[in-house]
Every structure is written in structure tokens, then in C-alpha cells.
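Let me give you the structure first, and then I'll get to my questions.
Note that the chains are named A, B, C, D, E and F in the order they appear, and that numbering of residues resets to 1 at the start of each chain.
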Amino acid sequence: MSEQAISRFPVPKLEDLPDDVRELILEVQEKSGFIPNIFLALAHRPAEFRAFFAYHDALMEKDSGLTKAEREMIVVVTSNANSCQYCVIVHGAILRIRAKDPLVADQVAVNYRKAEITPRQKAMLDFAMKVCRDSAAVSDDDYAILHEHGFTDDDIWDIAGVAAFFGLSNRMANTISLRANDEFYMLGRVPQ
Amino acid sequence: MSEQAISRFPVPKLEDLPDDVRELILEVQEKSGFIPNIFLALAHRPAEFRAFFAYHDALMEKDSGLTKAEREMIVVVTSNANSCQYCVIVHGAILRIRAKDPLVADQVAVNYRKAEITPRQKAMLDFAMKVCRDSAAVSDDDYAILHEHGFTDDDIWDIAGVAAFFGLSNRMANTISLRANDEFYMLGRVPQ
Amino acid sequence: MSEQAISRFPVPKLEDLPDDVRELILEVQEKSGFIPNIFLALAHRPAEFRAFFAYHDALMEKDSGLTKAEREMIVVVTSNANSCQYCVIVHGAILRIRAKDPLVADQVAVNYRKAEITPRQKAMLDFAMKVCRDSAAVSDDDYAILHEHGFTDDDIWDIAGVAAFFGLSNRMANTISLRANDEFYMLGRVPQ
Amino acid sequence: MSEQAISRFPVPKLEDLPDDVRELILEVQEKSGFIPNIFLALAHRPAEFRAFFAYHDALMEKDSGLTKAEREMIVVVTSNANSCQYCVIVHGAILRIRAKDPLVADQVAVNYRKAEITPRQKAMLDFAMKVCRDSAAVSDDDYAILHEHGFTDDDIWDIAGVAAFFGLSNRMANTISLRANDEFYMLGRVPQ
Amino acid sequence: MSEQAISRFPVPKLEDLPDDVRELILEVQEKSGFIPNIFLALAHRPAEFRAFFAYHDALMEKDSGLTKAEREMIVVVTSNANSCQYCVIVHGAILRIRAKDPLVADQVAVNYRKAEITPRQKAMLDFAMKVCRDSAAVSDDDYAILHEHGFTDDDIWDIAGVAAFFGLSNRMANTISLRANDEFYMLGRVPQ
Amino acid sequence: MSEQAISRFPVPKLEDLPDDVRELILEVQEKSGFIPNIFLALAHRPAEFRAFFAYHDALMEKDSGLTKAEREMIVVVTSNANSCQYCVIVHGAILRIRAKDPLVADQVAVNYRKAEITPRQKAMLDFAMKVCRDSAAVSDDDYAILHEHGFTDDDIWDIAGVAAFFGLSNRMANTISLRANDEFYMLGRVPQ
């Protein structure tokens, strides 16, 4: 286990946290076997912590025309574009698990256009990258392309929402030097 | 009053909204005299609506080493960098009101480096723009420069938080073609 | 009235100027009610002053397939791309007046693609931005697109000319820190 | 002599031109032995022609703290940055002649930082490139650096003026596909 | 084992190759237990194959002031900047093995500035990225910074050489859609 | 003859070089009448020297669907994009000779899109620039466009190979400040 700091900012002790924040963290720990560092680092700001995970779950946990693996692809691709170590490593692991595929995360992180995914998924990622890099240029043409691939307007909102939310997450992680837990590097690499 | 659509997506009727969402909207309407379009447009997604405004208030309404006007400066500057019409026009108005200055919003929107603000505020905006454009390059040197201007580490978190949150907001507004209410264009331009 | 310097360079007194320069300035003052700062700042260099306003009038005052409001749109859009405070604020005012529309200037300044203007005007501004950002890539295809929107070759010259001339103006204004007169911020915002 | 078109636009006959325009062109022809194509191409628009050459002469012909060769260096460097064939080829020739150096133009066109010029000239070109690429970032620091190299404020205006004026020229030449006369390619390459 | 094509181009059979090319490939296979796809893909062009691996070995196998792990860091960092799937995945594996560190490759791939490496290694990677992205700006200042970190001029040549050579490799791999062997994804992740 | 250093690194004496390296250099000298500086500068590293020229000859000397002049066009265009003085000046000379055209090199160096070359050559250079600038985006569409212009897959490999190899060469030349011999500036400018 690394002794590296997980954030530039103070990491509160569990016992000092508001009850709801501590309970959410303990729940994650029970489910995952460890506490992903973002929970500890954001607990420095309980109000932002609550809003962050509420937003996260609203986008990532709900039913959607995008599978959970597809939503994780968006996270991995846009987070590498933003050079966010935490999100590429952590969500790369989640993507491997969601997709039951040990290769796809490393492929899309570097260049989704050459990854072994469907043309529909490439169109989804083209749009996610446009939202990430040049959202001002999003136009009717983008909607039309995505409709051709079978995405609904609400799916398009979801793609943009995931790209936009993790853009926020990437910027915060980069600012506070959030460190990915060692556990994530290997998760999902060996079929269970 | 314009007849233009305020969003590419359906705008729900107030009476169809969950109670908490409707109440929040009515409260804003009472306070402002009208409903800023982002409330109506995001109400299409109540879970995201709740998380969005919780996050917004956690950053923009709390006590901070940054004045409310300074936080609005960050919004205006980074939103013009992201070419987000809604946020530049709406938060330009809020900045004029918060700063009691009819000129500052238009100045910082175009080029904060030549705006009539303090060197400390320019350093704050330099950092906000780095978070907006190249957060991966944020380093100890940036912290040191901001410390010299009297910002604490938590102030730095606040600057990054505002830039990151409105980065999300800009990307969503651009994706859904959110329209600024006509009222905002004149707000704060004439001293009261 | 602001006490801020209007230029990094010395601003000559009217009585010290060559007659033709002083007369042109007094004429503008009579027409506008005040002297826009660019006249005073450029008067530091009478030969450039004369050429600058001769060029300006050759493009902006003549008959053209572009309305005067359309020419001002080009100025506002490309000047925000070049982050020129003076030109966005001053020509935003002139655009509001020419177009008799208090909203259009703020809209096109931030993102003309989402402004309430015609598709023909968006095509005009796409081309103006190409001239502004990447004129080396201008090609037959650009001419063809503009022809489809009803622009003649000479209209295309006009679009390029306005974008190119204000590119010069933006660079000079940024270099000398030209300050927009306070009067411009409100001009054209209230219907007369 | 090439049979290539010199411009996308009609090139007027000398006899159809206003007297002052025709006389200026004939004067240049007498001095140079041929008519540089920009004179013929811009004659399509006599009012712009007059303003263009008045502006050109105000910057390039006057006494200045910059030598004429130095002003041509600025033209060559910024014109290659803007990928303007006409200006790199034509002003490369003029630079060779002004500097009495057959190598310097090709060197600065590609990378002035590795050209055989003085540190003062490199500082001048650094600033010219900043005006060309990112004039909004020009600051007191740039002035200070240039002062250290012995440039006055008015020299700085001159550097910016040349970069800005040829930015206009580059954009027009690119838009109208202005062709450099064959004569320029060899001019100044062989010591006289 | 994947059935995916390893290159857009025909992959020659071992028995059809020139003897020296076949022997080099068999040697690698014996050492590694499998044939990295780049050997098979480049064998389509035996003359380029020979030069490529001669160049590779001249830079990567020789004694140098840079450790072999450090040279692999350069490869991983610049290859992600060039979005080259093959080189990030394959050289990530080699880096893990060379450095005996299962985490470092994923860290430097995304953002070496936040990786757990030494300041000297970060300076090395800053320079490698400058060679990758903007080699024309390499200057005495870069040499001075690297000297301060204890690098010799010949070490600097090595850094540039590795960045430049893999820039070639990245561009070819991207053009021919070179696929990384499945074996590389797990190599070096589990301590032996 | 200039007294300028030809490289930041020591230039070995011919008599100190390994026999094969010295012989290759003497052969070039006999053929050209002088020794291009790259031979002397790279001789500082004999193993890299051998691989470099083997790679060079494999791409530039062989039979190909691209003429030798076309291959030199690729070098000149991509080398100006990389701001490599040595390669633009030296390969500009070789291009003039190969194409028996004193104008083409200066034209393509600045803007190949406006050069007097064939549409097929412009398509070739569009692709070379994509390999130079954004090889990760190379796709089936690029292959299709080139096929329409009559290029085979192996021609496409050649275009990419030349762009990629000179990308390496540009980065090394920029790092070591390689100086072009004075002879190259005039070569091929006067018909023989």
C-alpha cells in the first residue's frame, strides 16, 4: 500500500465527518473492499461531496439508452483528453469490469478511434470529445449523426452530461492532485 | 418577451414537476421577478437539477475568501473562453450587480488582463483560466503565486471549483442551446 | 466619467494636431456627442491615423451586399476571437444601433452560431472567422458555400476585408491598451 | 513569365484606373522594372488601394528605431506564421536587398529563433509573433523586455504596427489567392 | 488470442522473408515468448524494417546517462501525446518491467507531472514533450535546465533522439493501424 | 563560406570516423561537390548515422508510386510545419532540382494549397500534413480520398513514411541547431 499523499488538501478522519457523508463512505468501502480516494478527498468539503455524488449517481447509475460500460468509455476517453490520472486509472478499471473486457479501457484511453468497439460507440465518443473540447460548436449536425446511430435526444443529453460532469471531476482532481488507489490498476484485468 | 425556444429539450410545466423542484423555482421567481431559463431547462431532469443547484450553492453562496463578485468574475471569464452565451450574459448581469459596477462584466468577458480590476483578481483569473484550459499543468508554482496574493489553499479550491463547475454548466448549456432571458442583458447596467 | 488612461501612449491635445486630423475628430464629436478614444489614441501617429480611417470608411461606409449591421457583426465576432476589449464593446454598441436590436451584439460576441440571426449571416460569420483564424485554408469550397447563400465575389472580398482590417485594429488596440469610452456600454440597449 | 492568374478577382487595365492609382503603379514599375502583383490586384478596389499603400508607407518608409531590414524581418516571420505565400516570397526578396544578405530571409521565414541575427532582433521578432498570434496577452512584461533591448515605446508601436498591418495583408492575399511575381524568387540572392 | 487484424497492410509469412529479417524475428520470439506485432507489420518493408530496428537499438539498447526505464518513460509519455495505442500499451509494459514498478507506466501515460517519479525525470519528460510538440522552440534555456539536473549534452541528444524516433514510430503505427498484442496489457503488472 | 557552427554538438574529423561512415561521406562529397552538414553532425553518433541514412534511402531512393520530386514536396511542407530550417532550405533545393522548377519549393513551403501543383499532389500533401499533425485521426476516409487520386496502399505508406521520417529529422535538427550549408540557398534556382 502506497504511503503517498492522496490529495494536496487535508483528508478528514471518518469520525470527524457528518453522519451522512461517513455512512456513504462506509457503504462504498463495504461494497468495494476499500475506499476510493475521491471519497476521502472530497469529504474535505461535505456540501460539495454531497452534490458531487448526487450528480454522479444521477448520470451514472440510472437507466439510460447508454450501457454503464458505454458511460465509462466516455469517462475514460475525455479524462485522458484532460490528462486526469485519477479518472483514467479508476474509471479504466470500472470500464474493464462493466464491459467484462480487459483490453478496452487501455485502447479507448489512448485512441478510441482505433479501439475494438462499435461504430455507434465511436460516434458516441466523437460527440463526447466535441462536448469536452469545443462544446460551442455542437450543432444540429451532431444531433443528426447521433440519431442515425439510434441515439435519442435524451441519450445525447446523457453523453454530454457524462462528458461535462467528468470535465468538472478532472479539473478538481488535477487541482488537488488526487491519487488513484493502487487497487485500481489491476482491477478487471484478470477474468474472474 | 422573446418567443424563442429556451432549450432544444422539452421544458416541463411547473405543475408537472416534483414538489421540491417546483418550490425552488417559485422561490427564485419571487426573488428575481422572473425565472432564469436554466431552472426550466434543467427541470427536464429533476435528479440532475437538484445536484446542479446544490453544487452551485455550495460554491457560490457560501462564505469564502473570494467575494461573490469575484466568483462571478471567474464564471464570466471562463464562460467566454468556453463560448457559452447563457453564462456570459446571465452571470455578466449578476457580476454587475454584485460588484455594483456596470462596466466590469463586459471588460472581463473579453479580456480580464486589461480589465479595471486588482492584480490579485488578475492572478485569480489567470489560475481560473489554467483550470479551464489546462488543468493537468496546475503545479506547486501556481499555488505559490496565489499564496503571494494572499489566497489560502481553500481559496484556491474555491477558484478551481467555480471554474470547474461552470465548465460543466457551459458544456450543458451549449449542448442544449440554452437561451438567456431577455431580462439579463440590461440588469445592473443602470445604477439603482 | 472614468479617469483611466485611454492608451499606453501619449494622447495629443487637439490643438497640437494637424488640421485635417483635428477636423475629422471634431466632426465625429459633433455627430456622436463624444470622441471615441481610438481617434485620440491614433492621433499620436497622424499618418497612420489618416490611413486607418480611410481604410475603415472604404470598408464600413460604402454600399455593399452586406448591410452595415452585418459588417458590424463581423467586427464583433472576430474581435472577441482576438480578445479585443475596445472593439467588442464599441462595435457591439454600433451593432445594436445599426440592427436596432439590443440583444444581438452580446449574442454574437459569445457564440454567433447560437445567435438569433439568419443562416446566411451565420455562413458570413463562419467565413469571417476562417479569415480571422486560418486564412491560408480559404479555398474554392468557401466561395461555393457563400455563393449558395447569395453572396457575390465582391461581397466575399468585403467579408474578408472587414475581418482583416479589424484584425489589424484588434492587434493595435491590444498593444496600446486602448480603453473603450464608458458611453459605449449602454448605447443601443434601450430602444429610442 | 508565368501565365497563372494573379488573383481570383478581376484585374483592371491600367487605362481604366483612376489617375492617382495608375500613376502610383507606373511609378513603382519604373523603379522596380515590373509591377508587383499586389498593386494590380488591389486596384480592383481603388479606395482600399489608396488606404493600403498609405498605411504601408506610413509604417515601412518612415524613419524609425527599426531599420528597414528589421521591418522586413517582421513581415517575413509573421507572414510565414500566417502561411501567406505572396508576402513571404515578396518581402523575403525585399529583406535580402535591405539587409544585403542572401541567407537571412530563408532563415527567419522558417525559424527566426535559429537565424543568424542579433538577440535584439530575436526579441523584436518574439514580440511581433506575440502580436500576430496572441495580442490579447501583450503586457507590461513585454514592454520591459523590449526596453531592455533598447527599444523605445514608439519602436514597440512600430513592431506591432508592422505585424498588424501585414496580418491584414496576409489575410487579403490568402483570400484572393494573390500570386507572387516570378521575379521575386531570385531577387537579392546574388550579390550585385 | 484476438483474431483482429494487426495492420491495414499485408503481413508476410515468416518463410517469405529475407533471412536476416526472419532470424531477427525468431530471436525476438524466443526471448519474449511471442512476436510483438510491429516486427510482423514492418516486415512488409524489409529495408525500412532493418533501418527501424537498427535505429531503435542504437537509442534504446546502448549505454546512456538515461536508464532503460527512463528511456521507456519518454516513449510512453510522447506516445500518449501522439495518441499511439500500440506504443503506449507495448512500451507501458516494457516500462513496468524495466522499472520493476507496476504503477509508473499508467501514471506517466496520463500525466507525468503528477507521477511518482523524480524531479530529474520530470525535467527529462518536460524536454521530451517539447521535442515532441514544439522542437523549433528548443533553446539554450532548455539545455541549461537539463544541465542543472545533471544531464550532459549527450544525454540531451538521447532524450531528443528517443522522442523523435518514437514520433516516427507513432505516426507509422497510427497510419497502418498497428494492433498491440494482447500479451502486453498484463506484462509487468504482477511482481514476479 | 560561413564560419557559423553547424551543430551544438562536436563535429568529428573525417579521419576519426569509422571507415564506412567516412566512405559514405566522401562519396556524397564527390557527388555533390560539398558535404551537407547533416552528414557531419550525425557522424557524432555513428550507429544513429547508419540507421538514419539507411532509413532515408529506403524511403527516398527506391522506386515508388511517388516521384522523387513529390517525396521532396512532402519533406518541404512538413518541415516548414515543424519549423525546421535545415530541412526546408536543403530539401527545398533538392525539390527545385528534382522538379526542374525554381518556384515550386518556395510555394509549397509557405502554403501548398496555393502552390502550382496538381490536385493529386495537394491530396498527397493534405495526407502528409495529417500524418505530421494528427496521425491519430488517420482513418479509412483518408485512404479512400487517396485511392480516388490513384494512390495505392503502398503509396500511402510511402507518404506517411516520408512525413514520419522527416518528423524525426526535423526534431533532431532543431535540437542540435543544425545549420544548412550556404550552397543550398541558390541550388536549383537558375536553370542549368
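We adopt the following convention: contacts are C-beta pairs under 8 Å (C-beta built on N, C-alpha and C of every residue); 3 or more make two chains touch, one makes a residue touch a chain.
What you see is a predicted model, and the numbers here were worked out from it, not measured in a lab.
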Chain at maximum distance from subunit E, centres defined as averaged CA atoms: C
Length of the line joining the C-alpha centres of subunit D and subunit E, rounded to whole Å: 44
Approximate Å spacing (C-alpha centroids) for the pair subunit A, subunit D: 51
Euclidean distance of C-alpha centroids - subunit A vs subunit B, Å: 24
Where subunit A touches two or more other chains at once, by residue number: 83-84, 111, 114, 136, 174
Contact graph of the chains (line, ring, star, complete, other): other
In contact (per the touch rule at the top): chain pairs: A-B, A-C, A-E, A-F, B-C, B-D, B-E, C-D, C-F, D-E, D-F, E-F
Subunit B-facing residues of subunit D, complex: 136-137, 139
Subunit B residues touching subunit D - in the complex, by the definition given at the top: 111, 113-114
Sites on subunit C touched by subunit B in the complex: 2, 4, 79-80, 83-85, 88-89, 92, 102-103, 106-107, 109-111, 114-116, 174, 177, 182, 185-186, 189-190
Footprint of subunit C on subunit D - complex, ascending: 8-9, 44-45, 47-48, 50-52, 54-55, 57-59, 62, 82-84, 131-132, 135-136, 138, 143, 153-154, 156-157, 160-161, 163-165, 167-172, 174-176
